[in-house]
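Several structures are given next for inspection.
One chain, subunit A, appears in both complexes that follow, with subunit B as partner in the first and subunit C in the second.
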Partner chain A sequence: MSSGAAPRSRFDWRGFVVPVLLVITAQVAAVVTHLQSDSLAAPSEILVAGIEALMDGTVLRATRDTLIMALSGLAIGVAVGLFLGLLLGLSRIADRLMEFSIEAFRPIPSVALIPVAMLVYGFGYRMEISIVAFATAWPMLLFTRSAVGSIEPRLVEVSRALGFGVLARVWKIILPAALPRIFVAFRLAVGIALIVAVTVEIAANPYGLGYTMMVAQQSLRPGLMFAILIWIGLIGWFLNALMIWAQHRLFGPAAMTAVQL
Partner chain B sequence: MNKVEQTSKPRRAVREELIAFRNVNLDLGGRKILQDIDLAVGKGEFLCIVGPSGCGKTSMLRLIAGLFHVSKGEVLYRGKPVTKPRQDIAIVFQDYGKALLPWRTAAGNISLALEATDAPKAQREMRIAELLDKIGLTDHADKFPGQLSGGMQQRLQMARCLAQEPAVLLMDEPFGALDALTRQALQDEVLSIVAGSGTTVVFVTHDLEEAIYLGDRVIGLCPNPGRISAAFEVDLARPRDQLTTPEQPEFLRLRRELFDFIKEVETHEVLA
Partner chain C sequence: MTLQRIFWLAASLLVGAALIGLWQYIADARLVSPVFLPGPDRAWDALVRGFAAGDLEWKLLGTVERMIYGWLLASFVGIALGALIGISPTARAYLGPMLEFLRPLPASAIIPVAIALLGLSDSMVLAVIAFGALWPMLLSTIHGFAAVEPRLYEVARLLGLSHWEVIRKIALPNAMPDILAGMRLGLTVALILAVVGEMLASRDGLGLWILLSARSFRAPDLFAGVILLGSIGYVSALILGAVESRVLRWRGH
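For the complex of A and B:
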C-alpha cells in the first residue's frame, strides 16, 4: 500500500533480441533473394525512404496534420465524455433518461460515421476531428460514470456531513477519488484517437499520415509505406510512454494502486 | 420481555435538552428499522447506545447527523427538527480507512473540515497544527492515511471532526476495529477532550464495558425493529480510570445488568 513501486525503468536488452533478429533476417532474405517487389521492401530501403521523407518534410507535415486532428478530437471527446460521465454518475435521473440512448448509439463503429461526417463537413480537419471526438467520448463517458458511481459511499457521507454543496463535493471528493480510473480511460482514449485519425485518413480524408501512406501504397513505393507505418507506431509508442509517465507523476505513491492497467 | 421492561429506572440528572427523538419511526427499503423511539439527550451528556447488531444503533446516529430522514415522528436538535447535516454536529465513522481521503495527507484531511467552514484561509494552518498536536499526530502531518496505523487513522478522523468545533460528537463504534491497548488510550482521549469542552457525545458500541466506562447513561436497543428497551444511569465518578473504575462495585453491578439485558434480548430473538 505505502510503497510507491518504481516504474520498470531499467533498460533490459533482452527485449530487443527478437525485433533485431527479425530485421536482420528480413534484410538477409531480401539480399539473398534479390527482392524486387511492389508490396515488400528490405529494411534498408525502408530506412532510406523514411529518412528521405523526413528530410523533405512530407512526413512532418503529415504528422502535424494527424496530431492536430487526433488531439483536437481527443480534447473535445474527453471534455464531452467527462462531463456526461460525471452527470450520469451523479444523477440517477439523468442516468435513467440517457441509458437507452447511450446503449443505442454506443455500438455504432466510429468509422461508420465517415460518410455522415463527410456530408456535413466535407474533406478536412473538422470531419476527422468530429469522428475522433465521437470515438473518444465513449470510453471517457463510461469509465467516468462507473468511477463516480463506485466511489466509496462513506466518502460521500463524509462530504455530506461536512455540509459541502454539489460543486465542492465534486471538486474535493468525487473527482479526486475517481481520477485514477478516469485517467485510465484517458489513456485508452489517447490510443483510440490515433487509431481513428489514421483510419479516417486511410479511408477518406486526404490529409495526414494515413493518407500519405495510402499514396505511397498506390504509387507502388512499399519502402515509404512501411516507413510511415513504423513512424505511426513510434508516435503511438511515444504517446503511451508519455501517458505512463504522467500517470506516475500525477498519482505517485498515494493512489497508484487503483490505476494498474 | 417483562423482565427487560423492569430494568432500572433512570434517575435523570437535570440537563438542558439538546437532542430529542419524538416517537421516531424509520423505514429503509421497506424494512422497519426503528420503532417508536423516544429519547432526550442532555447538553454535555455522554450517552452510549448498545444492542445486538441490526438493532438500529447506527441509524439513530445517522438521524441525528441529518444523513437519514425519519419516516414518522421527529428528531429535534435545539428544539428544531433536523433536516440536513450541520457544522456543529460531527460524526466519527467506524471504518476510518474509508472515511479518510487517501489522496490527502493527515494535515490535508483535517483541512477538509475547515474548508467546509467560512474560517479564513490564514487561520487554517494554525488550526491544523493545533488539532494535530491535540491528538498527537504532529510528527505525521505529511503522511497519507495509508501510511498510518489504524489507531492513528482513527485519531485523524477524530481530529477532522474536532475541526468542526462540534457541539455534538456522534461516534459509531469508533474503536471496534482497534486492539485493546489502542482502544483504551483512545477512550481516555475522548473522555479528556469531552471533559474540557462540554461536548455532547452519542456513542454507539457493542462493547458493554466500554459503554459503562465512557457513559453518563447507557441505553439498550433490541432489534427487529429497533426499540429502546432499557436505560441505565452510570453513577461513576469522573475522571474515570482504566484500572480502578472497572473494579468499583457500581461498575460491576451495571456490567451484570447490561449482560443480563443483552442475553435477554438474544434469547428472546432466538425464541421469536
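For the complex of A and C:
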C-alpha cells in the first residue's frame, strides 16, 4: 500500500468492482425507497448537482479560492521550513540549542491557531494562509533538517577542500544531495496544505470549497454537498498523483520510498 | 544520560526561556497590539485562573476524552479491518485502489456529511474523530500485514498453525511497527478533529473555549487554551513513544 512504490504497470479491473457495486447499490436503494432526504442523495442526483455547480461557476470559484490560499500558505511554509531546516541541519550547535523550543512548539495542533488567526486577521485569505503556512512549515523543517544532517560527511569535506564559501556549499553540494528527501517532505506538505485549507474553511473561514460544502449542508442540498465532497477528493487525488509523477520524473525510482510521518 | 547531554539540554531550555523572555518584551513594549498578543505572564495568569475557577480542567478533560474515545474506536476498527484486508492478497486487489483513492481526502471534509446525518451532537463529533483517525491506522495496518515476509507464512503452514495463531504469532508482531506509526498519526488527527468538532457543534471543550475567547477578545484565555492543546499533543506523543519503544523492544534498536 505504500503510495506510489512503483508506477502502476497494468490495468487491474478488480480495483473497480467494489466502488462500482457501491454506486449501483446506492442508486438502486435510492430508487426503490423513493429517497426524499435532507441528508442523503442518490448518485444520479449527486452527478446532476455536481455538473450544475460546475457549469454555473460556484464550484470553480470556490476551488480557485481554496487553491490560492492553500498554495500561498504552502509557499510561505515551505520557504520558512526549508530555511530553518537547512540552518539546523548545517549547524549541530543551533540544532541542539533549539531542541527544546521546537519540541515545545511542534505539538500545537494547527487548528488551535484558527481562533488566533481570526483575532489577528479576521476572516479572509490572510487568516487561512497563515494557518496553512504554520502547518506546512513543520514537515519541511523536520525532513530538511534530517536530510541535511545525514549527508555523507566526505561531501562536505570535499567542498571545504575546494574552498567553497557557505553559500556555494549549500547551493552546489548540500541542496542537491538532500533534494530527494526534501522533495518527499514537499509532497507531504502539498497534501497537508489542502487538508488544512479545507478544514479552516469548514471550521471558520467563509471562503472556498469547505465553506461551500457547509452552505450546501445548511441549505439542505445533499446532492451538492456530496458532489463537492467528491470534487475535493478528486483534487486531493490529482495533487497527490501529480507530486508522485514529479518525484518519479525528477529523482527516478530510487527515490520512491514509502514515507510515513 | 551523559554530562554532555545534560549540558545541551540545559542550554536548549535556556534558549526556550530566552524566547519566552523575548515574547514578554514584545508584549510589554507593545510592539504588537495587546489585543492580539498578551504577554506570557497574562497567558499564565489566565491558565491559573481557569484552573482555580474549576472549569478549565473540565474543558481539558472533555477534549481529551473525546480524542481518546474516537481514537480507540478508530484503533479497534482500523487494526481489525486492516488485518483482514492486509493478510489477503485478494482483498487487497479489490479494496486497495479504492482506499488509495480516498487517502488524500481531507478527513474534515466529512464533517458536513456527519452534521447532515447526525446533527450538531456529541455522537457527530465522535463519529468524525473516529472516521478521520481510522484512515492512517487502516492504511498502515494493511501495509504492515502485506509486508510480512512470505516465507514466514510458509513456515507457519509447515508448523500447522491455525489461521488465528498465524495472525497473533507471526503477522501481528511483524506489522507492529507500522500499526504503531499509524496509531501515532491517528492520535494527531483525533486531536485536530476533536477541536474542530467542538468549534462547530458547540460542545464544551478547549476547542470551543478558544473560539469563544477569540470572539470576545479575551486573548490571554485564548493563548492559555492554545498552550493546553499543545500540551495535550506533547504528552500524548510522549506516552505513545514510550509504549512504542516498550512494545518494539524485541527488535533491539
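Quick note on the criterion: the second predicted complex is superposed on the first by the 243 of 261 C-alpha atoms of A that agree within 3 Å, B and C clash if a C-alpha of one lies under 4 Å from a C-alpha of the other, contacts with A are read in each partner's own complex, and residues count from 1 in each chain.
The rule is short, and it goes like this: a residue touches a chain if its C-beta (ideal position, glycine included) is under 8 Å from a C-beta of that chain, and two chains touch if they have at least 3 such contacts.
Computed from a predicted structure; not experimentally measured.
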What is the contact status of A:K172 with respect to subunit B (first) and subunit C (second): first, second, both, or neither?
first
> Where does A:G15 make contact in the superposed view: on subunit B (first), on subunit C (second), on both, or on neither?
Replying inline: second
Between subunit B and subunit C, the one with more contact residues on subunit A is chain C
Report for A:A29: first if it touches subunit B alone, second if subunit C alone, otherwise both or neither. neither
Does the superposition put A:A204 against subunit B (first), subunit C (second), both, or neither? second
Given the touch rule stated above, what does A:V158 touch, subunit B (first), subunit C (second), both, or neither? first
* Asked: Where does A:G236 make contact in the superposed view: on subunit B (first), on subunit C (second), on both, or on neither?
  -> second
Dual-contact residues of subunit A, meaning touching subunit B and subunit C, are 1-2
In the complex, the residues of subunit B that touch subunit A are 65-67, 84-87, 89-91, 93, 95, 98-99, 101-103, 112-113, 115-116, 144, 146-147, 164
Touching subunit C in the complex, subunit A uses residues 1-3, 12, 14-19, 38-40, 96-101, 103-116, 118-120, 191, 194-195, 198-199, 202-204, 210, 213-214, 216-217, 222, 225-226, 229, 232-233, 236-237, 239-240, 258, 260-261
In the complex, the residues of subunit A that touch subunit B are 1-2, 152, 154-155, 157-158, 160-164, 168, 172-173, 176-177, 253-255
In their shared complex, subunit A is touched by residues of subunit C numbered 8-9, 11-13, 15-16, 19, 35-36, 86, 92-113, 115-117, 139-140, 142-143, 146, 178, 181-182, 185, 188, 191-192, 195-196, 199-200, 207, 210-211, 213-215, 217, 219, 222-223, 225-226, 229-234, 237
